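As written, the chain order gives the labels A, B, C and D, with residue 1 at the start of each chain.
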Amino acid sequence: MPPKIIAVIGAGTANEPILKIAEEVGRLIARRNALLICGGLKGVMEAAAKGAKTEGGLTIGILPQKNKNEANRYIDIPIATGFGEGRNVIIARTADALISVGGEYGTLSEIAFALKMGKPVIGIRTWDIKGIIKAENAEEAVQKAFEFLS
Amino acid sequence: MPPKIIAVIGAGTANEPILKIAEEVGRLIARRNALLICGGLKGVMEAAAKGAKTEGGLTIGILPQKNKNEANRYIDIPIATGFGEGRNVIIARTADALISVGGEYGTLSEIAFALKMGKPVIGIRTWDIKGIIKAENAEEAVQKAFEFLS
Amino acid sequence: MPPKIIAVIGAGTANEPILKIAEEVGRLIARRNALLICGGLKGVMEAAAKGAKTEGGLTIGILPQKNKNEANRYIDIPIATGFGEGRNVIIARTADALISVGGEYGTLSEIAFALKMGKPVIGIRTWDIKGIIKAENAEEAVQKAFEFLS
Amino acid sequence: MPPKIIAVIGAGTANEPILKIAEEVGRLIARRNALLICGGLKGVMEAAAKGAKTEGGLTIGILPQKNKNEANRYIDIPIATGFGEGRNVIIARTADALISVGGEYGTLSEIAFALKMGKPVIGIRTWDIKGIIKAENAEEAVQKAFEFLS
């Protein structure tokens, strides 16, 4: 059976509490032996990937740019799309579940795609959209995400 | 100066009041000599295109499918992308302003992209997202959209 | 019945003889009341669109960029994709037939997509790929393209 | 330094000699500790991924479909794009070098994109396009690909 892939979505710039949550989410995903997928850039994406790497996880970054060197340093597998925001669809399609930590409009587009596709979306301090499963912290979010995968 | 392009976004199935608003929005866009762009399918997209055609407007449909014959009958220029939901980005990019009439998750993704790109989004009975300019009816929506273009 | 859409594909920079052929191809497409679709940029794309406009045709440009202002001045309907070279697929998908005039690697990708999709590809001084129908000049190319559409 | 990513491109159905070469190419890529990227489907893509797995390599499949379950069984990391043939651009963008084994029109589009991007393309029994570096067998192809990466 192929490993589960969990997306962590959020903004490219975020404050310290949000980044700490994202990093913890990344750690917990790796500890459960799932792959982490994200947008590959800074902010929440980088924090989550960093967290996963501290636990020896594998991280995938789906980049908007044409050049894979734009990925943050915690990305093991940078996928250079050159599709700009169009890459957001790919993150939603590839993930088995998504965890949204904070987030701006780009994150909202990923939430919308994932809900349209019927994927579970767990939200921590994120957009208030019907269909999102709320969580208070990293542990609860990852716990809920994995409940949907079993 | 090239003509302005206004997007009408909304769900592929909608109730009668929503469809009537969409058709009226399409009519008013054409009357102001702007091009109408939409997702090219049924529901709000078809109603808006139908409205534009009754006023002799030109309609563009950006289709998720690979085959342009999937466009509704009121589309003059069907663009077959084969990109699935990824085509939503193209609608937001190409429009000078967007008018959202009702709408489900797909529409939400278009709203998110447009707001991220800094485009004006006018909403009638649609998602309640910060940054959307609310309108009560078709006339007010089109009026507000064009205020942003001048 | 919707109008036929003919793509003219070729490089963004080209020599004078190639540009003259592209312009003539554009003229002949418009004279037969078909829409012209192209990549929206300079060189062969601009020459073909210019030709179509001299005959009152309608021109569509599928742009790699995020901003539709990057289209050449002869494009009536600029579609801003932001998908970079990924937009080449859209041109092949949307066209009923393609006419390749000269061309570099980008053009080759469009030829490949079109042939894979089973679309007729007419070539003037272009890549030598099995499946391309050769033509000596603009008139012959447009003649052959329309034979496939009837 | 991030690991190198080598693409193996080729048709979804191929004869036994071509499949054997593809499998050997996959094996040699993994033996040199590079990642293998491919289109994730059958034929040459599956044979190359199978070869890489026999050597403990890591395999990435960039799928045209919306569902990652469409990947062949040797793909470790299936990326579901939903972009149809548009995914070919992503393979070319993400690879440091490409090895083409046989191949039909889809493969030709990948060759064209890669050459346009200035990436090295090694070809075994494939399209005869200027810019391709020819190789007689798997070993020579992989050897030449890695020469470009150092």
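General observations
Throughout what follows, a contact is a pair of C-beta atoms (placed from the backbone, for glycine too) under 8 Å apart; a residue touches a chain by one contact, two chains touch by 3 or more.
Bear in mind that the values here come from a model prediction, so they are computed numbers and not experimental data.
Contact count check for B-C and A-C (C-beta pairs in contact): higher for B-C. The greatest centre-to-centre distance from chain A, using averaged C-alpha positions, is reached by C. Chain C has its Cα centroid 27 Å from the Cα centroid of chain B. Chain A and chain C have Cα centroids separated by 40 Å.
Touching two or more other chains at once are residues 66, 81-86, 89 of chain B. By the touch criterion stated above, chain A contacts chain C in their complex at residues 66, 81-86. Residues 83-86, 88-89, 104-106, 108-109, 111-113, 115-116, 129, 131 of chain A touch chain B in their complex. Across the complex, chain D is touched by residues 2-3, 5, 35, 58, 60, 62, 66, 68, 75-83, 89-90, 93-94, 117 of chain A.
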